[in-house]
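Presented sequentially are two complexes of chain A, the first with chain B as partner and the second with chain C.
And now, the complex of A and B:
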């Protein structure tokens, strides 16, 4: 039963990924823009023969359907082609940037959960208290502030004025961080490099706070409303009547049930963090996939765009799949259906 | 003349960074936050809040664009060249005032119209200890001119070497370069090419070379964290550099770090926080707020890029010369340069910047005369004609100022802002009628800008301008060695363009940099290169 559910959901991923690949491919080619001209830029001379030779080399002179079939065929073998701009395999270009994005997203997610969960619970348990009202106001501010604006403001306060945190980058030069996984926090722990750990943490702070702001606000409100709904249920009243301590009632009986919708929201929000990354990575010069994607789109770097969008689609659908599985595990009603 | 940086002497860089916020700073920070809501851009706000300095005997440079490769043959980016030029040397180089001088070449001579001989300097070492020879020069240039020579890919820099057809190492330190037609500007164009070690590239392969390069320049490669930074350190065995650009010897700086920071507000914040010592591409509206800060300076010099308003000569209304003349009479670029560009720009009467070879001093911009513009439009039957002025977001304010002037002189102009990747194919297909754009001319030779913009059917000819006489003059000038004859032909072209007005000329913007005043012996260059050989820090 469980296996069939998982395999059914996994099979569903395939047409989604194919559809995304086809859509992105068509959209990129329908939108005007010539990768060769954009690479050559608004300067200097280039002959028509040279331009045509480059187009031929990139395979841009082939019919669209041939280009797409070739891309999909190679992609299924893990070959996404060569980046027009970097002149390196697309997989290598993305691999160099992916750890930065994953690290930032994971840190922002952890931060958001660490703040949203307790705040949401307290706001629900003590409805209309000062914490609840302050949390509501904070959530409103968090949702309303655009990431790029918040990022710039944080840079001004904490980097330019106070000099507490760096403006950009992932780690200072000279801390001797050895490359193990590409995740700097993890690498510094694995290599027991305290200076690198501290440096990586300081560099991560501002982008992670900026990225987590909106997610934190949404999650907090979701936890609060779910908890409010649950703690009014009869079984909570029954638990209290049994004389269970309030902490057990809230954390064991109420929170477990309130987490179901929150998990879905967290999965969707984590997917949204990826798109948020594009802006935050640009503001903080964070060397991740988001910034790479922005550059790739501006340069009409087709192989790189297609690979990045496919990766995003995979992560997004994977997160939703993960949420469904978790939902399945946590919710007995779904399991028995 | 470039403004020299480092003249200010403020040396309290040893002060520890202030670690707590004072009441005054808190209030000014709060005021800054309030200002964010009202100022025209975040860059201006960031520029208004900083102080502090850099550190150590190294220097950090905030770049305006990402670095995509460190292989000097595999890019077409000025920013990439500005970085790799510190790792590699070329046969020739440019001084800060743009004179071409020998670098790895000791001398050169024109053997005949299609043959050049270069004598290569001996005792030049690559960073891996091997000696530079004529074979390395041949290998480097062959990588560029030969199709698919770099790991199966072609160099996008081929066009910069024009008709170069063959390179032959005729001795250990002698190279002969042959061209398929006379190419008088070969030395100028060789300033865009760097020499790589053939043995090392063959050993590690092109892809690894692009990630971990070895050159013969004043700094050797240490680290590249993609998208984050490139670190170079002084090469102690450096041969010394161009005799034409003293002082000679190894670089002063122990380390140079290049950080790509494409977002302008973040770049300015990096300067003000002390994370960067020099930043590229400061918008003119942020200049004053940087200058207000202690130990911060702005350095500017004339650029090589021409901004112009292209008028599509193939479609109405600008296929009528009277309408094109009317557009030229309708605008007064001087107040726009002063007010919109803060005075960091110069009005030019043609496509060439004043520093370019054969710039025509005898030409002047069309007289600003609205009644004449209206009269011309009336005669053409195009009074109050509706047109869209296309531009990119970086030039939006400039375009709006131009549109306001044009609208007062009988045009009905609406500004349309595009991303360049979308606008370029429309311009190339001659589908837009009026556009504010720009074209670079880093070689300062007219060939580099007049050919792509105004020869029939060329890739930058977005106005659709076509003149047999101009085409013939350009071909003739490009294949003539006599500088006087070339000058004469290029001047004729400028006169024809001035008379036939395929565009409203023009604006030459300055290159503006933000600089920490601890930086010594550095000045900006019109070509945007960032040679760090002579730079030091206090």
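And now, the complex of A and C:
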């Protein structure tokens, strides 16, 4: 039963993934002029023979459907060609930036949960109290602030005026951090480098806060509304009638049931964080995939753009799929259907 | 966006509420009224920009380069919010910048709403192959995070106002289509549509006369929240240099202009962002009020 649901959803995913790949492939072909002209255009003047030769080398002179089949075949093997700018395989360029993005996203996620969960619970338990009203308004303000602006304002306050935190980058020069995994926090712990750990943490603070702001706001409201729904149930009334302390009722009986929709939402929200990190990484000069994407778009580096857009779509789809499966596994009512 | 998704329920057709009842319910939400008033203020600002802006938004004057706001040392009342790195008056640029944001939000949301409404009605009402076809396209587009998609399309088409609108519309309609489709499907199964069918009304009359009125409230609420999303997306694209091109002032690109001067001229980046946040917040406040007034079942 459980397996059949998962495989059913997986089969449903196939046409979506195919469509995603097709769309990403076509995106490069709706561009005015082809990539070769763009590449050579940047390099200077080129003869017609040179253009044709390069087109042939990249296979751009073949029919569109043939190009798509080879694109799909290569993509499945993780081969997206060579980045025009870096003169390296696209997959290697992305792999080098991935740890920075994962580290930042993970921290933002942790921060969002740490803030949203308690605030959401308190808002629901004390509905219409000051905390609830302030939280609701705060959440609205949180989702209304554009990330690029919040980042800059935080830099102006905490880095420029107060000098508490660094403006950009991942770690200070001169702390002598040895790269083991590419995750600087993890690396500094593994190599027992206290100075680097502190420095990496300080560099993470502002981008993580900026990235988590909108997500935190949405998650808080989700926790609140699912808690509110649960708290009105009979079994909560029963638990209270039994004389259980309010903390047990809220944290054990209510929260356990309210977590289900919250977890699903967190997965979807993590997908949205991915969108946000392009902006935030640009603001904080964070050397991750998001900034790579923005750079690739500015340079019209098409193989790299294709690979990154595809990666984002895959991760996003994967997270939504994971949320669906998790919801199914955790919810006995859906499971026994 | 997900607050919106989750805020909309589609199970039952809702009881039609009178306009007066709606107005009374909306006005009871004080924050929503404040939001609506602020939105009117911004729209007025955009329409009347040439008359209320104290200076030209594009006129440069290097003597006034990085001039501070009036309360800071070096500031003057002639340029209340100071000047940017080219000596352009900041408040005039913010006033003119509202035109870009509001124009794009209105155009994009109108188009996405229309496309989503038509596709959603057709898919939900006729079902079958048409539904399968539309739903697959929706699924594919939903697989992309909003901003990366808009960025990629803008990159492919090249930066600029029209291309940015195309990019935002291309992705934005699916949200509407999904909601309208679900509402249409539930309305189709309802007694009043069955009754309309049994007396022999044509499909078009059923769609327009019976189903459409039931879809409109969700559409209005979703459209309002979507304005906020579009304004943030537009200013983000402008911030990255992919939106409206200089010298036309846009809030997002103004924030970007100020980035190199964060150390000594904080106001250049700060004030245009305040404008974005204020407009988006007003829209969200009004959206909450509209949702509560149009769909009372959703109130906590």
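FYI, the second predicted complex is superposed on the first by the 304 of 337 C-alpha atoms of A that agree within 3 Å, B and C clash if a C-alpha of one lies under 4 Å from a C-alpha of the other, contacts with A are read in each partner's own complex, and residues count from 1 in each chain.
Convention: a contact is a pair of C-beta atoms (placed from the backbone, for glycine too) under 8 Å apart; a residue touches a chain by one contact, two chains touch by 3 or more.
Treat the numbers as computed from the prediction; the structure is a model and nothing was measured.
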| item | value |
| --- | --- |
| A:291 touches, of chain B and chain C: first, second, both or neither? | first |
| Touching partner for A:300 - first (chain B), second (chain C), both, neither | both |
| Partner chain(s) touched by A:329 [first = chain B, second = chain C, both, neither] | neither |
| Which of chain B and chain C A:282 touches, first, second, both or neither | both |
| Partner chain in contact with A:156 - chain B first, chain C second, else both or neither | both |
| A:248 touches, of chain B and chain C: first, second, both or neither? | neither |
| Partner chain in contact with A:66 - chain B first, chain C second, else both or neither | neither |
| First (chain B), second (chain C), both or neither touched by A:110 | neither |
| First, second, both or neither for A:57, with chain B first and chain C second | first |
| Chain A positions touched by chain B in one structure and by chain C in the second | 31-32, 148-149, 152-153, 155-156, 160, 167, 282-283, 297-298, 300 |
| Interface residues, chain C side, partner chain A - complex | 1-3, 6, 31, 136-137, 139-141, 143-149, 151-158, 228, 232, 235-236, 239-242, 252, 255-256, 258-259, 262-263, 266, 269-270, 272-273, 276-277, 280-281, 284-285, 288, 300 |
| Touch list for chain B against partner chain A, complex | 17-21, 25, 29, 32-33, 36, 42, 45-46, 49-50, 52, 66, 68-69, 71, 74, 76-78, 147-148, 150-151, 153-154, 156, 158-160, 162, 207, 210-211, 223, 225-229, 231, 257, 259-263, 265-266, 269-270, 272-275, 305, 419-422, 424-426, 428, 437-443, 447-448, 451-452, 457-460 |
| Contacting residues of chain A [partner chain B, same complex] | 31-34, 37-48, 50-51, 53-54, 57, 82, 85-88, 93, 96-97, 100, 148-149, 152-153, 155-157, 159-164, 166-170, 173, 282-288, 291-292, 295, 297-300 |
| Residue ranges of chain A in contact with chain C within the complex | 15-17, 19-20, 23-24, 27-28, 30-32, 127, 137, 140-141, 143-150, 152-153, 155-156, 160, 167, 218, 221-222, 224-225, 228, 265, 268-269, 271-272, 274-276, 278-279, 282-283, 293-294, 297-298, 300, 305, 308-309, 312-313, 316-317 |
